[in-house]
Amino acid sequence: MIPQAPILAIVVPLFSAFLMPMIGLLSKRYNIDRACDWFAVAAMVGTLIVVASMAPTVWGGQIIVYKFGDWSPPWGINLAIDALSIQMALMIAGLGTLVMVYSVAYMQRDSRRDLFYTLALLVITGMMGTILTGDIFNFYVFLEIMSVASYALIAFRRDSSGIEAGLKYLFIGSLGTSFVLLSIAMLYSFVGSLNIADLGAKLAIYRGAAQPVPTILVASLALFVTGIMIKVAMVPFHIWLPDAFTAAPTAVSALLAGPAAVVGIYWVARLPYLPFGLPVGIILVSLGLLSMIVGVLMALTQRDFKRMLAYHVISQKGYMVLGIGLGTLGSVLGAQGGLFHLLNHSIYKSMLFMCAGAVLYRTGSQKFEELGGLGKNMPLTALTFLIGSLAISGIPPLNGFVSKYTIYLGGIEAGLPIVTIIAVLVSALTFASFFKAFSSVFLGQRPKHLRDIQEAPKLMLFPMLAMAVVCIVIGLFPALGFNVVGPAQAAAENSAGYIGHVIGGI
Amino acid sequence: MSLNYVIAMLLITLGLYCLLFKRNLIKLIIGLSVMTDGIHLFLISMGYRTGGIAPIVTGESTSNLPNFASRAVDPLPQALVLTSIVINICITAMALSLSIYAYRHYGTLDPSKIRRLSE
Amino acid sequence: MTIIVRTTSRLLFPFIFLFGVYIVLHGHLTPGGGFPGGVIIAASVVMLILAYGIERAQQRVSILQAEMLDIIGSATIAVIGILGILLGAYFLQNVFPLGELGKLFSAGNLALLYIGVGLKVTASILLIFYAMLSD
Amino acid sequence: MVELVWDPIVVTTAILLGSLVAYIILMIGHKITKPRLTPEKLKTYACGEELKPEETHMDSEQFFSPIRRIFRPFYRYIQPAHTGVLSTYLLWVVVGFIIIVIIIMLTVR
């Protein structure tokens, strides 16, 4: 482990974001093209190295506790990194690096790219912070950093649809974060602590229905769940997501669909055990089922490429929440499947958005009606899109199948076969919807004005192909994924170990 | 003391009402701020104790630390509120600038008319 | 604006500015610190903007200068934080002499941290106003 | 036995072999009967009207109209509910919150 690695994982993107305007000024002064772009990529690679250096220690069964300013845990702010956090951190850093490489090519027509990279690195900082922190108010602060930066990123091009989507996300998201703040305030007034491990230890007496749960705790839990579900975009709270993903620049859509999905799911996985420890399985399962069905049915009739992908994000996140919910109802396979699906989905959904972005970059259109026959012009993009759409529909040799199959088994294991049936049906509808997308964009008649379209730039193709290779590799060797997800699921359930490590200061 | 909590809840409810039923983006932003201020009031009154003193360590208080600790109000909620106020400023500034752009593009501040993205 | 507003704001400006500087510098001793102090300093400049218009203000402090101020503020925080890692054991750990309780030069890195925060907040709020008022 | 069937490499090999067999059958079929293409066979039939290739693009919203018929209540009520009005969406959030409170009240006791 690199010394000081936990804090460096947050500090490297944060201070790179601070330095970015200066680099923008310098590069303008000395006429260095693309200095900002490569600095952002370098910052992300640095973050990835720092995070990866922590992984062996954590998978060795240790929980890294980092104390700010040497104040010990219940009083000071601390970072606590267990196997669940490290899975999420690795995903954020890895996918974030690929998205940055993609945006080097995608954003090259925009002006003020230094501001774009500042905001993107701030989003990465916020995500890193939310998953590494061991203090619940610190979590709120990082959540707000991430949210405010992403509102600005969505409206980055300042066109009418971007502004509208940014406004909608801002109001709905701020309502959600103020719910989280109110929940934290209630929790603090009831327990008198903000440390997650300390809260978990003090609230443990309400686990297992030994004592009646006080009303303020119920209100706090409901507010927290609502706030998190707005970030995850489960169905009654999902409405910001399609607008935002449609209107944002595609690099931002990929950033929000891949890495940023992690934050919400991390808290969904953490929530049933820490800090509340109250049963939320029924809520998770019902919200997951609802999102799966509504998401896929809405996606079937979309005319817009990115909007269809956005509705599939909702549907696939439903699978994850469903799997984790089944995990709290007594099915280990379900929870593992949920976390595994998060890993797979982040990879292939980022890739699919990148394909849509490549098409949009070359043709200037994201409507199905105006596209067609691009398979001859952009064969590699078509190939990656095909791999992605087969993966998301759960076709066997690819990674989506493994995780979906695990969730199906989890449904049977938890004694709810009806859930499995619905999940299989939704998967079939997903395939139908992607069939439509592939045939409308890459097959069929090619309109005359698209005759001279070229293949996407190499810098865009590189992350897409890398992700496609990862999809196939995980599909062929699922043990690779389970080696990451298994410890993560065990760590999420092992709240006593977490509390012992943090409070006991082992 | 319980009056504080009543007013805090009243502010939160008022903010929520404003957010749900007003048809002007500026009023929605005001509603959001009022709601957050209600939460801040809730936090601040939680750390308050009747007849408490400011939790600032000075020369006098170090001589009698137990007395100081038993009378000082809880400083943590104040720190939380300070942080939260700063965050709220960011959100308000962001919302106002987005509203300016929305007005330029749509010519209105009515959220029911800013709806080019739907279904 | 009328001449009354202009004169009053010009007369008031140094006092408000000085008060803001006081709040920033005494952040580690009395209530206040970088955030409130920075906002007060920025408010004094915003008052001038309201009285004299955005152009006059930008002649004094251009957008570029405000951005530079912003970068200097954040760089100060970064350097103090990284000093804690290099010389001590933890991020933001105090590596300066603590000094005597109640004196201006005390509390180790807190005072320097507040100056950095104050610069950053001042510059950020000015930038927000510039961005909203211009173009 | 179950492990063998769900071993992804075995399944992938099986899929690839299956596609190969299908391709061979297709090729044999092509060899036996040569297709005789006439211009009339390649034309899109649209009640006698002349269509340019660009106009034959399918309406993506109606691509799966049978599914729209099956889930008619959904497409009649839920899809139009995505109105794009911010106030309605905020109302959804609050209603969802109230439902979550009720579910937690019922399950936690």
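By letter and in written order, the chains are A, B, C and D; residue numbering begins at 1 in each of them.
Operating definition for what follows: a residue touches a chain if its C-beta (ideal position, glycine included) is under 8 Å from a C-beta of that chain, and two chains touch if they have at least 3 such contacts.
Please read these numbers as outputs of a predicted model, since none were measured by experiment.
Colleague: Taking the mean of all protein CA atoms as the centre, name the chain whose own CA mean is closest to it.
Modeller: Centre-most chain by C-alpha means: A.
Colleague: CA centre of chain A versus CA centre of chain C: separation in Å?
Modeller: 36
Colleague: Could you grab the centroid distance between chain B and chain C? Build each centroid from C-alpha atoms only and quote it in angstrom.
Modeller: Measuring from centre to centre gives 23 Å for this pair.
Colleague: How many angstrom between the C-alpha centroids of chain D and chain B?
Modeller: Going by mean C-alpha positions, chain B sits 46 Å from chain D.
Colleague: Suppose each chain is reduced to the average of its Cα coordinates; what separation in Å results between chain C and chain D?
Modeller: Centre-to-centre distance between chain C and chain D: 57 Å.
Colleague: Find every residue in chain B that makes contact with two or more other chains and list them.
Modeller: Within chain B, the residues that touch at least two other chains are 19, 28, 111, 114-117, 119.
Colleague: In chain A, which residues are in touch with two or more of the other chains?
Modeller: 167-168, 171, 175, 242-243, 298
Colleague: Looking at the whole structure, which two-chain pairs count as touching?
Modeller: Between chains, contact exists in these pairs: A-B, A-C, A-D, B-C, B-D.
Colleague: Residues of chain A touching chain C in their complex?
Modeller: Those in contact with chain C are residues 4, 7, 11, 15, 18-19, 21-22, 25, 66-70.
Colleague: Quick one: in the complex, what on chain B touches chain A?
Modeller: 12, 19, 25, 28, 32, 35-36, 39, 42-43, 46, 76-77, 80, 83-84, 87, 90-91, 94-95, 98-99, 101-102, 105-106, 111, 114-117, 119
Colleague: Contact residues on chain A for chain B in the complex?
Modeller: By the definition above, chain A touches chain B via 137, 141, 144, 148, 151-152, 155, 158-161, 163-168, 170-171, 174-175, 178, 181-182, 185, 188-189, 194, 242-243, 246-247, 298.
Colleague: Could you pull out which chain C residues touch chain B in their complex?
Modeller: By the definition above, chain C touches chain B via 30-31, 35, 101-102, 128, 131-132.
Colleague: Tell me, which parts of chain C touch chain A in their complex?
Modeller: Per the stated touch rule, the residues are 64, 67-68, 70-71, 74-75, 78, 81-82, 84-85, 89-94.
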